[in-house]
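Scrolling down, you'll hit the structures one after another.
Common to both upcoming complexes is subunit A, partnered first by subunit B, then by subunit C.
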Partner chain A sequence: MRTLSSVAAVGAGLLIWVAGGPSFTSAPSGAAGGTVSGKVKFVGKAPANPEIDMSEEAKCAAKYKTKPHEEIVTVNANGTLANVLVYVKSGLPADAKYPTPTTPVVIDQQGCMYHPRVFGIMVNQPLQIKNSDPLLHNIKAMAKKNRPFNISQPAAGMTTNRTFSAVEVMLPFECNVHGWMHAFAAVLPHPFFSTTGTDGSFTITGLPPGTYTIEAWHEKYGTQDATVTVAAGPKTQDFTFTAK
Partner chain B sequence: MHWWLPLQASNFAPRIDGMFTWILIITGIPFFIVEIGLLVFVIRYRHKPGAKGHYTHGNTRAEMVWTAIPAVTMVALGLISNSFWVEIKGRNSVPANAYPIGIHAKQFEWWITYPGPDGRLGRTSGDLVSKANPTGRDSTDAASHDDIVIRNQLHLPAGRPIVAYLTSEDVIHSFFVPEFRVRQDVVPGMTIKSWFVATVPGKYEIGCSQLCGLGHYKMRAQVFVTTQEEYDTWAQQHAAPAKGTSTP
Partner chain C sequence: MRAGEKTAVIKAAVGKTPVSRSASLVAVLTAAFLTAGVPDRLTAQDTTAGKVVYGKWCAGCHGDQGDGKGSAANYMLPRPRDFTGAIYKIRTTASGQLPTDADLMRVIDEGLPGSAMPAWKARLSESERRNVTAYLKTFSAFFKDTSQHIVPMKFSSEPSGGAQAIQIGRQFYDSIHCRKCHGDQGRGDGPSAYDLKDDPGQPIFAADLHQAWRFRGGMSTTEIYRRLQTGLDGTPMPSFADLIDKKFLTDEQLWHLAQYVRSLSPEKPPEVRDVIHARQVAGALPQSPDDSTWNRVDSYYFPLVGQVVRKSRWFEPAVGAIWVQALHNDKAVVLRLTWDDHTQSPDSSWRKFTKRVLETMAGDDTGTVAPESWPDQVAVQFPTKVPQGTERPYFLMGSNSDPAYQWRWTSAPRRAVTGLAHGIERFDTLSHGDAGPGQVTAQATFDHGQWRVVLTRALATADSANELQFAISRAIPIAFFAWDGSNAERDSRMAVSTWYFLALDQPTPPGTFVSPVIAMAVTLGLGMLVVARAQRRKNGSAA
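Let's turn to the complex of A and B:
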């Protein structure tokens, strides 16, 4: 009986601690708050991506049924653009603090390509660099506001963790053994970002009510800004990139 | 061709191999004399119970002789081979009709620039190097508009003098095709000319022969030596677009 009482007391204490736990000036992504979502459309004729000659890496080339191409401009079947990073550029309170996720963002080197090619990560959030290819890759982070690094992973299954301490949009990565391998990261102080995928859509959740500048970034077509006023509930904001 | 050496596939290869063989013989004879002498002395003058050591302070005449002979031999080899080295490495030795090819080294790739129909390589600048322009081609130079840029593939016509303009983006690399017996360091900040004639059609490999980083062993490129006609066909197929954008 005494044991049960103790457990109950500890449980009640925990509940009180959670309820009165650390509060944030803005809810983290995924929590209650406004949502901004939309699609990144593409207008015009999509340029042909350069073909990759992987003959020097038979083990990578074997993973492709057709000749692989660089993924510089990836236009989806529904006329939208993939690999566009959409994020809140400004409008958040200057003193707002957001919890740093302990779950790492994983960038995988597979088939002599980076997966994902474009991604967002929070300041001090772990980045896990993984090599799934049975051959040497080096990953060179060409940071300007963070500490650059250049590490090699000569065998499959190797992982390395790194963090970035400063905001940097965008931070490019490259592999010097395979010149076609490029990736880009946005290091942000908040969790309000999203990258378009095979349907060209993005969703940013948990935004507190307010007016924000939302930026869409693409490696070839540059950036587009939009001003969005968010109240509780969903808000739609589309972007359109035009072929050059 | 010697059975222990790679194929002789350039104009320089037979004479380089001749020099190699003579130097091997000249240095090999004293090597065996010294090693056999060492072995004989080790066995003959090994420790024996009761034997007393004999102390010597050397023989000046012998030392003079065995210093002078290698020195004279080295100088003679240098003088005899000098004209050949000048022919290979001399700044003014490149034949006037040599076909120019740009070879840009970076960790850990070779970017090859072909001159296109105008037969001239366009200007390049390290300041212009980017992901989209890996060789730093200067598009304000009209000669660059038809240049063809290809990664890790060196195509050459056989029987025609080639002059390679070697540049490096980062550290010291070395251009080496064993079958050509051509090796030339590639130094950042310099454009170094290296000329040769590929004589035997076939497929070879460039290997970087200066340790340039962790991926040094992966820094290879394929070399395709074909007839002039085959080369011309290949060049037409890979002709650069009008604005001279690179062909990765």
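Let's turn to the complex of A and C:
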């Protein structure tokens, strides 16, 4: 049922977009506003990630030249930290509304790993769950503020769309068939979020002028907050996580 | 002993034991209910009245705040439901949806088999059950959220079954990879089973599909089909409903999968019979666990419960039941013990599970125990002598003054020993020289989540002071203990039974078998004669 309604929502969204419906005549407020960007640095010795025993899943194991490891702490060559979600925690006008994107965020199960592992998604934006592996994954969304669910995808090419109706930071996903598979989503009421990748940088654009609390979240090292005042134009804010 | 005496002994033997304790609790609760004088005209869905019922009957496990942290909660695995999250296993709604009121009521009414949640239908009035349902919904804001869909799924009715349907079901068991958790033969021994956790991160077993009477949502094919559709929220068991939407399988094929799963368990829950009858055979006794002779030997089911009398107590043993078969000849007695176990312990891949179990069950009783690679074990217990009256050693491994005689088998090292138990803490092995008559020989096999262990001993031994001398046609007390090493079970952390009886039957005189056959033949012959005469008469009158 939920799948159907999400599909319907996507369809309706497309119609409105094609027709240039009223809800999409204005771009997200302050699209031309300020930009906050920076790097998430990592200091200290990165802990070793646990090795994954994929011996039960030859088709996944075959995708790795060396033994795969969990991606709990991924430190880049330039000394930055990947998979950190940076988002505006507070400071936006309470009554501000941001259009819900109809383009789904895709989470792919490939090589018995989640891609991406950490991501942001807006409230009611479709999440497309995709299985690229020719084997069973179950996808368990362990939501607390949203309704949790646990569905199965036993074959390659299966997709399922789901939406989340409430703000939730973070919402964990796991696969019970493969106990090492974990992913984390921030379900947010606005589009001001960014996740660090292989260069450890993030960019949040279109912020209206104002003072915000920006939070950086990492699954092992927790959160760091920074207060940033944004005017028109770019603003730099770096974060630093330290090995424990 | 005459037959009447034997029955009396057996009845007296089923005294105060862990198994009967739950029954007596039921009796006490029922009595309390009957004397309470329940008003029967409460407003439906009355949360104030529901709170009273909740405080009295539910809070002990589920907690005053509904968070599943009642005083008894730490002794349970799975833990009592935390109502604040409104995540429920047994529903008729899609995965992620709230349950209907009827779903909640049903769990209260019927309980959750295989868990600590009892059925309340006989103990609380309908209005009390209604009110408490309304009250437990107040613990979660989700039930106040009017945007929540609570729509029962549309379930079809069961198509016809049979061998072909079951075969199709088995194909889908393979193609949707049920074996990953439930194992190739369905005993919860799949390759992912060691790593399963429920939502609060506590260890959870994949269901043993051969014990449908322990399924939380009920053992019927319809209920199994519904669990496949809805999943069991809060556990690793997902919903497979999307597969129908995606045309991966049809609704009918999902039914066939349910029919296959159902076919793995007996039609009815097994019944406990107090006396194991060991038939006498003329030739050699079967020594191999898979000797085809065992297929023709009656099997007796005995439930096991946690050892909760002595510290450290163990409330959630992994072995819930043991099946026993027995035979004897003029020289020896043989027992085949069969029980389901998710792992062949010690198994290093299950160490993480063992650790989680110990962390979850740690408390005043268990203390802090480091996980080790413990073996699986089983013990068969007898008195040292066949008793004349109802006297037997204390069921929990005897005592210092009155020890129990035991056979103990371990998976590693793979061997059986005999000895005297002086309570749980002390076990003295008896030595028999090289294969003396007191020796118990053992053969065992572990097969897809099941142990089958055959233990044999001579009827008579030299050490009649310590070792039971088996006698024909006597009610010999017998009890069982089991340990699953991967479930952190060792020493007092074990599953126990109460005393039952083993009877070595006398050889049946050949006439006993022949005379019923003759009687049947005669009856059949006479019957046919009558029919034939009637037919002839009818034909005659028609002509």
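Following the convention adopted for this analysis, the second predicted complex is superposed on the first by the 215 of 244 C-alpha atoms of A that agree within 3 Å, B and C clash if a C-alpha of one lies under 4 Å from a C-alpha of the other, contacts with A are read in each partner's own complex, and residues count from 1 in each chain.
In this section, a contact is a pair of C-beta atoms (placed from the backbone, for glycine too) under 8 Å apart; a residue touches a chain by one contact, two chains touch by 3 or more.
Note that the structure is a prediction, hence the values are computed from the model and not measured.
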Subunit C versus subunit B on the shared subunit A, clash or fit after superposition: clash
Touched partner set for A:N176, first subunit B, second subunit C, both or neither: both
Touched partner set for A:A155, first subunit B, second subunit C, both or neither: second
Partner chain in contact with A:P50 - subunit B first, subunit C second, else both or neither: first
Which of subunit B and subunit C A:S165 touches, first, second, both or neither: second
Greater subunit A contact set [subunit C / subunit B]: C
Which of subunit B and subunit C A:K144 touches, first, second, both or neither: second
Contacts of A:L136 with subunit B and subunit C, given as first, second, both or neither: both
Clashing subunit C stretch [against subunit B; choices 168-176, 258-266, 438-446 or 456-464]: 438-446
Residues of subunit A at both interfaces, subunit B in one complex, subunit C in the other: 56, 136, 138, 152, 154, 176-177, 179
In the complex, subunit A residues that touch subunit B: 50-53, 56, 70, 136, 138, 152, 154, 172, 174, 176-177, 179-180, 182
Of all residues in subunit A, those that touch subunit C in their complex: 1-4, 56, 135-136, 138-142, 144, 147-155, 158, 160, 165, 176-179
List of subunit C residues in touch with subunit A within their complex: 85, 87, 94-98, 142, 147-149, 151, 175-177, 180-181, 191-192, 195-197, 199, 231-243, 245-246, 248
Of subunit B, residues touching subunit A in the complex: 106-109, 131, 134, 151-153, 213-215, 218, 220, 222, 247-248
